[in-house]
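Each of the two complexes below includes chain A, the first together with chain B, the second together with chain C.
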Partner chain A sequence: MNTGKTLAFHSYKGGTGKTTLVANLAATFAMMGMRVCLLDFDLYAPSLTAYFRKTPELFLNDVLAGDAKIIDVLVDVSSELGLKGKLFLGFSSPKKSDIYEIEILHDMKWQYAAIRRFLAAKKELFSEYEIDYVFLDTSPGIRYWALNTIATADFLFLLMKISDMDIIGTKRMIKDIYESLTELGSKYFIILNKVAGASPIHEFNVKEAKERMLWETEVKKDIGAEVIGSIPCFCDIQFDKHEFLCAINQPKHQFSRRLLEIANKIKGIG
Partner chain B sequence: MKPVDVFPGSRRLVKGAIPPSSLLLIGPSGVGKTIFCKQFIYTGLLVGEPCIYVTTNESPEEIEKSMKTFGFDFESYKDNKLFRVVDGCSWKLGGESSSEYAVDSQHDYLTALSIEIKKAKQDLNNIRLVLDSVSELTSLCDHDAVLNFLQILTARIRTEGGKAICTLAFGAHDDHFMNLLRLTCDGILEMKLDDSGEELKRLLRIFSLRGAKHKTNWTPFEITDKGIVVKSETELRCVLCSKLIDWEPITKIIDGKKYCFDTVDCANTYKKFKSIYGNSFE
Partner chain C sequence: MIWGFLTHGFRISGKKFLAVLFLYFPSFAWFILFQQFLMSLIQDLFSEGFISNFWMNIGGALFYISIICSAIIGSMISEKLRRRRFLELWIFLGVFTTLLFMVNQGLLFLLFISVLGGVSFGLGFPYCLAFFAESTNVEERARVAGALIFTTFFSIILCIIVSTGLQCGLIEYVFICALLRSISFFSILIDPHERIVCKERGWMTVFTTRGLGLYYLSWLMFSVAAGIFTIVELPDYLQTESISVLKSVFLYLGVILSSLFSGFAADHFGRKRTIMFGSIILGISYTVFSIATDEPSFLLTRIISGVAWGIIFVAYMLTVVGDLATTCSKEKFYAIGVVVPIIVFMVFQSFSGTFTPSVPIGAISAILSILLFISVIPLLYAPETLPIDKIRQRRFEKHLRKLKKLVKEERNRSDS
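Moving on to the complex of A and B:
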C-alpha cells in the first residue's frame, strides 16, 4: 500500500515567497525521482497558472464542485521539464467568478461536501496513482481553505520572513491552530525565507552561513518551533520578471542547493 | 498504474493480490457466468495480459458480438494477437471457424482441444484463460477424461504464472464429479439467483481461494450495460472521505458518538476538522 505524504506550505502573511519555494521544492523532489503532485490551494489568489504558464481546461475548483475527477485536472509536466520522477500539477481557477464562488457564494454544507471531495481525490492520488508526495500551496493567513488544507496535511511548513510582523503573526497562528493539530498527529516546521543580510549570488560565503544559523537559532528560541531550513534573499530570483524553476534551470544556484538540503531533511522526517 | 479488478468485484472481495490460480465458476444457467468470463478476459487485456477464450458453447462471432454489447473493445488486442479464441463450438454449427485455433469434430475432442490450446498459448506468457464450459465438455466426453484434461490444463496455467476461470453449470453433475473438480482448482466462485423478493437478485461469493484472504459472504451483483458490477452488501462509507469501506472499518468514539472511517488517517483528519470547526463539522 502506498504511504504517500501530504505537505502543506502556509504562511501568516502573503509575500513570503511561498509559491516560488513550493514549486521549486516540488520540482526538486521530482528531480530526485519521486512521484510528486503539486496542488494550488491558494484558491483566493491562484498563481500557479501564471508561474507555469499553463491554461488548463479543468481546475481543482471542478473537483471541489464534484464536476471532475482529480486525474482529469492534473497536468503532467515531467517530460517537458526532463524530470527523473513525475511532477503533476493541479491548478485552481484564476477567474473572478470562480474565486467569488469559493469565497462567498457557497454555504457551509457545500464547503463541507467540497472538503470531502478533496480528501477523496487526495486519497485516490496515493492509492491509485502511487504519488509519493502531495504538495499543497495554501492561502496565507487564517482563511477557510487555508485551514482545510493544513488540516489534511501530515507535515506543515510555515514560511516566514525575519520581520516582527511575521514573527508575531506566526507565533499567534501556531498557538491558535497548529498546536491543536500537532496533538492530532500533524508535525510542523518553520522555513525562513528571504533572509536578509547576505545574498551569496556568486559564491558561497561564510558570513552568510553564520547569519543564517544565527537566525535559525533565534527564531527557534523565540517561536518554539523547529526551523527546517532557511534561504537567503536572492535578488535575481525575487526581482526576476518570470523566475521559473531555478531548481531545474540553475541547479548550482545557492537557492537550488538550499532547497535540496531542505528536500533531504523532509525526506528524512517522513 | 491504476489498479483494476482481476475478475469482477475482486478488489472488493479479495484482500491483496490474487496469486496465479485456476478458478471454478459454478452457477445456474442465466446467472451471468459467461459475461463474468468475458469481463475477466477484457480486464486482462486492459492490463496487458494475453488472453485465451476457450469456447464450447458459442462461436467466435457470438463471443465478439456479446463482448461489444458490453463495450469490451477487444479489436486492437485481437489484431495484436493478444486475444485469441480457441473454437470448440463452430464444428457443431456445421460451419467453418473464423479462428485459427479450432476443433473440427467430436472425434478425440479433448485431445484436439488440448492441441489447439497449446498452439494458442505457445508464444504467450502470464496468460488469462477462460474455459466456457466444463459442463459442455462432459456432454461430449466421459467424466474421467474431462477431469484429467482439466488437471493438466490448470496445473500448466498455474506453473506458468497465469490465471484461469472454468465455468460449470450448477446442478448438472453428480456430487462425486463436483468434489473432484473442486479439488482440481485453486478456488471456487459461486453464483446464484435469488427470487425470494420482488426483484430477481444475482449473488456471488468466493467459496474458497488458495493463498488469499477473501470474504465468504454472498454479495449482490448486477449485469449492467458495462458488464458485471459487484455491489457492497452493507454500503458502509467513511464518514470523512465517503469512500466505500470494503473491509473492517476503523471505528472511533468522538464526543460520545461512534464513527466509522476508512483509515486511521481519515479518523485523525476528522478530529482535526472537529478541532478547527467544532460540532458544526459533521
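Moving on to the complex of A and C:
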C-alpha cells in the first residue's frame, strides 16, 4: 500500500502568503515527478479557485457532506502545466451559502461525520490513486476546520512572518495545539516567509543568506521549534496582480530556488 | 475510582483542599445530624402527637432563627476578628453544645440547646463557605463543591450506619456528633486562615450585585416548592418507623450520587444549565411521588429528590454565590445568598406540620409544577457565572480530544 504523507500548511494569522507558497510548493513536488494532491481546506475563505482560475462543478464541501467522492472533485492540471509528475487539485466552494453552512449551520454530529468522510477520502487518495503527498491549505488561526485538517496531517508547517504579532501567536498555537497533536505522531516545523531585509533585490545583496540564517536561528531560539526554511520578501510576487506558479514559470527566480530547497528538506524528513 | 476521576486535575493544592474539606463537611454534616437528633429528643418528650409537633416546631424555630441571626452577625464579625481564633471558638462551641445533650433532656434545656446549637452553626458557617470560595478558582469551584457535598453526605450516612448498627444510646450518639464536629480543628492545623487584606464591603454591595438577585429569587421559589412538599400527606404504607430513617438515607444517597457529577457538569456546561436541570429533576421526583403506590417507589422518589438537591447544593449553594461574590466580604454574600434561603425553607417546613393541614399530593402537584416552572424563569435572565471563555476553552479541549481519538482510530485501522 502507498504510504503517502499529508502536509498541512497553517498560520496564526492571514497574510503570511500561505496559499501562494503551498500552491508553488505542490507544483514543485509535481515538477520533481511526485504524485501530488493539493486540497483547499481554507473552507472559510477559499482562494484556490481564483488562484488556478478554475470553476469546478463539485467541491470538497460535497465530499464532506457525503454527496460526492473525492475523485469526482479532483481536477488534474498536470498536463496543462507540463509537469513531470501529477498535480490534482481539490477546491472548496467559494459560494457564500456554502461558507455560511460550514461555519454556522451544521451541528457537531455533522461535523464529526464530515471529519470521518475526509479521513476516508484521504485514505482513498493514498491507496487507490497512489498519491505521494497530500497538501492541505488550511484556514489561518484556531478555527474549527483548521484544527480538523491539521490534526489529520503527518507534518505541520507553520508559516509566519518576522513580526511580534506572528511570533507571539505562533508560540501560543504551538503550546495550545501543535504540541498536543504530536501525540498523534505528527511533527511540526516553521517556515519563515516574507523575511524583510533578506530580499536579494539584486545580485550585490551579499547579506541575504546571512540575514535569513540569522532570523532562522533567532526564531528557533525564541519559539523552540525547528525552522525548515525561510523565504525572503519578494515584491514582484507579493504585489503581483496574479502571481501564478512562479516555481514553474520562473524556475530561476530566487523564490523558486528557495522553494526547491524547502521541498528537498521536506522530502528528506518525510 | 469515581472520586479520583472527578477530582483529577484540581489546581487547588492538596493541603488547601483538605483545609476546606475539614472545615466544611463536619460543620454541615453536624448541622443535619444535630437538628434531627434535637427534634427526635423533643418529640420523645410527649406522647400526644399535636403537642409533640408543636414543641418540636418551637425548638426548630428557635434553632433556625438563631442560625439566621448568628449568620448575619457572624458574617460581619468574622471579617474583623483574627480568623483562627474565631474558628477555634466556633468549633469549640459546636462540640460543647453537642456534649450538653448529656447534661439534661428536659424541655426547657432542649430549647436552650436549640438556640445554642443554632448559634454554633450559623456564626461561622458563612465564613466556612467564604473560605471555600476564596480557596478555589472559578473553573474548578463546582467540582470542589461536589467533592465537599459528597463527603458531607457520605459522612452523614456513615454516622447513621454506625449509630444504628451499634444500636447507640444517647451518650454514644452525642459522642459521634461531637467527634464529627471536632474534625474541623484539623482545618486550623493545616491552614493559617489568614485574612485577605482588602476593603470591607457593606450589605448594599450584596443586594446590588448584578444577577445575584435573580439567583436568590429562583432559589427562594425552589425552596418554597420543597417546603410545600413537606405538608403533603403521606400514604398509610409510609407511616412506619423504619421508613422515616430510610427516607432520609435514600435522600442522602441521591445527593451523594449527583454531587460529584453536578460539580463536573457545572464546571463544564455552566452553572445555569446545571441548576435548571436540578429544578427539572425535582419536578420529576414530585411527579413520580404522586403516582407512587408502594414503599420502593416512594424510596425511588427520595433518591430522585436527593439527586436534585445534590445539584442545587453544589451549583447554587456553594458555587454561584462564590462566583458572584466580591473578593472581600464573601461571608455576607453567603449569609444572605445561602444560609437565609435555607432557613426560610426550613422555618416553613418546621411550622407546616402544626399549623397547616396535610394535603394529598394530587391537590398540590399542579402548584408545585408551576412553582418549579417559575423558578426557572429568573435563571433565564441571570448571568452565567462560569466565564464564557472557560466554557469555550473546555469545548475546544473536548473537540481536540475527540479529533485526536478519531484520527488515532483511523490510523490504527490503516495500520491493521
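Points worth noting:
Definition applied: the second predicted complex is superposed on the first by the 265 of 270 C-alpha atoms of A that agree within 3 Å, B and C clash if a C-alpha of one lies under 4 Å from a C-alpha of the other, contacts with A are read in each partner's own complex, and residues count from 1 in each chain.
In this section, contacts are C-beta pairs under 8 Å (C-beta built on N, C-alpha and C of every residue); 3 or more make two chains touch, one makes a residue touch a chain.
Note that the structure is a prediction, hence the values are computed from the model and not measured.
In the model built by aligning both structures on chain A, chain B clashes with chain C.
After overlaying the two complexes on the shared chain, residue contacts for A:235 are found with neither chain B nor chain C. Of the two partner chains placed by the overlay, chain B and chain C both lie in contact with A:147. Look at A:123: by the touch rule set out above, it reaches both chain B and chain C. Listed for chain B are the stretches 80-88, 116-124, 224-232 or 260-268, of which 260-268 clashes with chain C, judged after superposition on chain A. Of the residues of chain A, those at positions 112, 115-116, 119-120, 123, 147-148, 151-152, 177, 180-181, 183-185 touch chain B in one of the two structures and chain C in the other.
Contacts from chain C toward chain A in the complex involve residues 396, 399-400, 402-404, 406-408, 410-411, 414.
Those residues of chain B whose C-beta lies close enough to touch chain A in the complex are 2-3, 240-243, 262, 266, 268-269, 271-273, 275-276, 280-282.
The residues of chain A lying in touch with chain B in their complex are 108, 112, 115-116, 119-120, 123, 127-129, 147-148, 151-152, 177, 180-181, 183-186. Across the complex, chain C is touched by residues 112, 115-116, 119-120, 123, 142, 144, 147-148, 151-152, 177, 180-181, 183-185 of chain A.
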